[in-house]
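For reference, the structure is listed below as C-alpha cells.
Residue numbering begins at 1 within each chain, and the chains themselves are lettered A, B, C and D in the order written.
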Amino acid sequence: MEASGAGADRQPPKAILTQQEQEIAFNRVVAFTDGVFAIAITLLVLALEIPDEGSEVGTELVHQGDDFFAYLLSFAVLGRLWMTHHRFFASLARFDGPMMSLNLVYLAGIALVPFTSEVLGDYGNESAAVAVYGANLAVVSATFYVQVVYAFRKHLVREKFQPYARRYSGPANAIITVIFFLSIPVALLNPAAAIAFWVLTFAFGRRLIDWVTGVKSIQQPSD
Amino acid sequence: MEASGAGADRQPPKAILTQQEQEIAFNRVVAFTDGVFAIAITLLVLALEIPDEGSEVGTELVHQGDDFFAYLLSFAVLGRLWMTHHRFFASLARFDGPMMSLNLVYLAGIALVPFTSEVLGDYGNESAAVAVYGANLAVVSATFYVQVVYAFRKHLVREKFQPYARRYSGPANAIITVIFFLSIPVALLNPAAAIAFWVLTFAFGRRLIDWVTGVKSIQQPSD
Amino acid sequence: MEASGAGADRQPPKAILTQQEQEIAFNRVVAFTDGVFAIAITLLVLALEIPDEGSEVGTELVHQGDDFFAYLLSFAVLGRLWMTHHRFFASLARFDGPMMSLNLVYLAGIALVPFTSEVLGDYGNESAAVAVYGANLAVVSATFYVQVVYAFRKHLVREKFQPYARRYSGPANAIITVIFFLSIPVALLNPAAAIAFWVLTFAFGRRLIDWVTGVKSIQQPSD
Amino acid sequence: MEASGAGADRQPPKAILTQQEQEIAFNRVVAFTDGVFAIAITLLVLALEIPDEGSEVGTELVHQGDDFFAYLLSFAVLGRLWMTHHRFFASLARFDGPMMSLNLVYLAGIALVPFTSEVLGDYGNESAAVAVYGANLAVVSATFYVQVVYAFRKHLVREKFQPYARRYSGPANAIITVIFFLSIPVALLNPAAAIAFWVLTFAFGRRLIDWVTGVKSIQQPSD
C-alpha cells in the first residue's frame, strides 16, 4: 500500500482507528466539552459577593440585585448554549482535527462567560461592560456557526441529518451571530436596549430561522 | 422521499433519533448534572477563610466554627439532594425539552448553594442570612418537585415506576417544599429554629411522606 | 402479586432495578466521586499567591517555597488517595445506601484538602496548621477504613476479592488511620516530624500492612 | 483452594481483573485526566481582574490586554496538550501503576498552569514571570515524554501502534522538551523572545519531529 523509496520506506503501516476506538475518542471530546460547560456555569456563582463584616446582610444582598440578574441571565445563556451544542454534537457521525480546534476556540469563549458576566453584574449600567458581554456572546455564536458550517461541508454530520444543511449551515443561521455583533454598538448607545435584544434573540431566534429557511429545526428527544 | 406541496416540499424528512442515540443524549444530561453537583459541592470549601498573617492560626480556626458547620451542613444538603436526584433520574425512561429546561432551573439553584452557604457561615446568627439559605433550599425543592410531577404526567418515567405516581407526584410530596418555604419567615423570627427545622426535614422528610401517602419510596440499590 | 389488607393493598409492586440499571447507578456514583477528586486536586493551585504589584516577581516566588511544597504534597496525597479509592471501587460488585452516605462523608474530607493544604503552605512551621492538616488526613483515612470494613461485611465486594477480607478490613489496616491520628499530637510538639511521619506512611504504609497481615495487596492492572 | 506451606498458606488466590474490569479502570483514569484538564482550562478565567469600583470599565479592560493574551495563550497551550494526551491515551492498550503515577506527576504540572499563566499575564515583561511559565511547560513536556517512552518500552501501547516507537519514544521527540528548557534562560535575557519561541514550537514542533525521524505522526480521526 505504501510507495517504495527512501522516506516512505521508513514509514510504519498506517494505523487506522477501529469504529469502537473512534467512538471512544469522540466521547472524550464530548465529555471534555460538557466538563468545561459544567465548570463555567458553576463558577458563575463566584461573582456574587459576600457582604462585608459589620454590614446589614439583608440590605447588602438586596443591593446586589444586578449581580443576581447577571447570574441568572448567564446561567440561562450557558444552559441554552449547552443544549444547542448538545443537539449539534448528537447529530455528528465523527470528528476531525480542525473540528476539534474549532471546538476549543468555542470553549475559550464559553469559559470566558464567568468573567464577562461578573463585569456585567458589577457595571450593568455602563455601556462598556454591556458591550464586552455582547462581544463575548457574539464570538461564541460566530465560532459555533463556523463549527456547524464546517461539519456540514465535511460531511461529519450523520447521513440522515444532511438534509438540514440549509437550515443550519445556510446564511440564515448567521442571523443570530449578526444580531449579537450588532448588540455591541447598541450597548454603547443604550445598555438596557442591548440586554433586551439578547433576551429576545434567545426567546425567538430559533423560530425566526425556522421561518426564514422554511425548514423546521431537527426534532430531538429534548425538544 | 420528500412530499410535494409548497411548505412541506422544503421540509427534510423527520430525523428521529434511534434508541442508542437517545441513550447517549440522556447520558450527557446526567453527566452534566452530576458535574454541576460535584463542582458546587467542592466549591463549598472556598468559604473557609485562611487565617491572616501574623495571627494565631489555632485560635482563628477555632473561631471559624460557624464556617465549618455551614460547610458540613451544605455538604450534607448537596449530597442528599444529589442522591435524591440520582434516584429520580434512574427511574426516567427518557427526556424532553421542557424537562431539560426545568433541570437547568433546578441546577441554577444548586450552583447557588456555595454562595448562600458562605453567607450562612459568616452570618449564621443574623436572620437575613438564614432566610436566604432557606429560600435557596425552598427554590431547589420546588423546582425538583415540578420536575417530578412533570415526569410522571408526561410518562417520562419507566413503566414499572408509574405506580409510584401518588407517592412522588402527588400533593404529599409538596410538603417538603412547603416546609422549606415556611422556614423563611421562621428564620426571620429565630435563625436557630429554622436550621433545626431543616435538619429535621432532612432526617425524617422521606419517612413522613411514606406515611402520609401510605406508599413506600422506590427500593433502589442505594437504599 | 399484591397482598390483600389495608396498608399493603396501597403498596405498588416492588420495582427492582435490573442488572443494567444498577450498573448505570453505580457508574454515576463513581463518576461523581472522581469529579470531586479531580476538582479538589485542581483547586489546590488556588493556594499559590500571585506576587503583589510593584514587587520582585522572582524573589516573591522563591519565598513561596512552602506553598509549592504544600501544593506538591497535597497533589501527591490526593493522587494517592484517589488511586487507592479507585482500586477499592473496582473491587465492588454493588452499592447500597449506607455505603453511599459513607462515601459522601469521605468526600467531605477530600474536598476539605485544598483548604487545609493552603493553611499548611502559609503556616507550615506553626504546629496548629500542621495538626489541622494531620487531622484532615486522619478523618479521611478513618472514613475510608469504615467504608472498606462495611463493604466486606455486607458482601458488597465481588466474590473473588472476598478472601482479601483479612488484609483490608482486618484491624491491621487501621494502622494507617492510627498513625495519622497520632501525627496530630506529634505536630503540636514538632511540625516537621509530623510531616516526615506522613511521607513515611505514604511510602511504606502498604508494605507494612502486607507484612503484618501476611497477605499481599490485590494485584490490579495499575499496580 | 489455598496452597499449603507457611506463607503461601495465608495468601488468597490471585484476583486477576477481567478484560471488562480493566477497561472500566482504564476509563476512570482517562475521565479523571480529562476532568483535571477541563477544570484547569476553565480556571484560567479567574486570572482576569474585575475592574475596581469607580473606575472606567472600558479603560481598565483595555489595560488588561496582557491578561487576555495570557488567557488565550494558556487556553491554546492546555487545549493542544490535551489533544496530544488524548491521542496518546487512545493508542494505549492498558495501564500499570508506574504509568498512573507518571500521569499524576504530569497532571500536577497541568493543574499549575492557571497559576503560572496568571503570573505571566500580570508580569509578562518581567523575565522571572516568563521563565516560570517556561519552566512549567518544560516540566509538563518532560513528564509527558517520559510517559510515552515508558509506555512503548513496557508495551502498553497497542500492537498496531508499536511501529511508531521511533517517532514517539525516540530521542527526536525529546526536542520539544529541550526547547522548552532552553526557553527558560532565553526568558531571562529577553521575555518576548521566549514567548515567540513557544508559539513557534507549538506551530511547527510536530512537523519538525516528523521530518527528523522520517516517520509521520499517527493518523487519528482528530487529525
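Keep this in mind: a contact is a pair of C-beta atoms (placed from the backbone, for glycine too) under 8 Å apart; a residue touches a chain by one contact, two chains touch by 3 or more.
Quick caveat, the model's predicted, so the values are computed rather than measured.
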For subunit C and subunit D, chains touching each:
none
Chain separated most widely from subunit B, comparing mean CA positions:
D
What whole-number Å value describes the gap between the mean CA coordinates of subunit B and subunit D?
36
Starting from the mean Cα coordinates of subunit A and subunit B, work out the distance between those two points in Å.
25
Sites on subunit C at which at least two other chains make contact
31, 35, 39, 43, 46
If every chain is a node and each touching pair gets an edge, what shape is that graph: line, ring, star, complete or other?
ring
Quick check: in the complex, which residue numbers of subunit B touch subunit C?
30-31, 34-35, 37-39, 41-46, 48, 50-51, 53, 56-58, 61, 71-72, 75-76, 79, 82-83, 86, 90-91, 160-161, 163-164, 167, 214-216, 218-223
Subunit A to subunit D touching residues, read off their complex:
7, 10-17, 21-22, 24-26, 28-29, 31-32, 35-36, 39-40, 43, 46, 94-97, 99-101, 104, 107-108, 111-112, 114-115, 118-119, 122-123, 126-129, 131-132
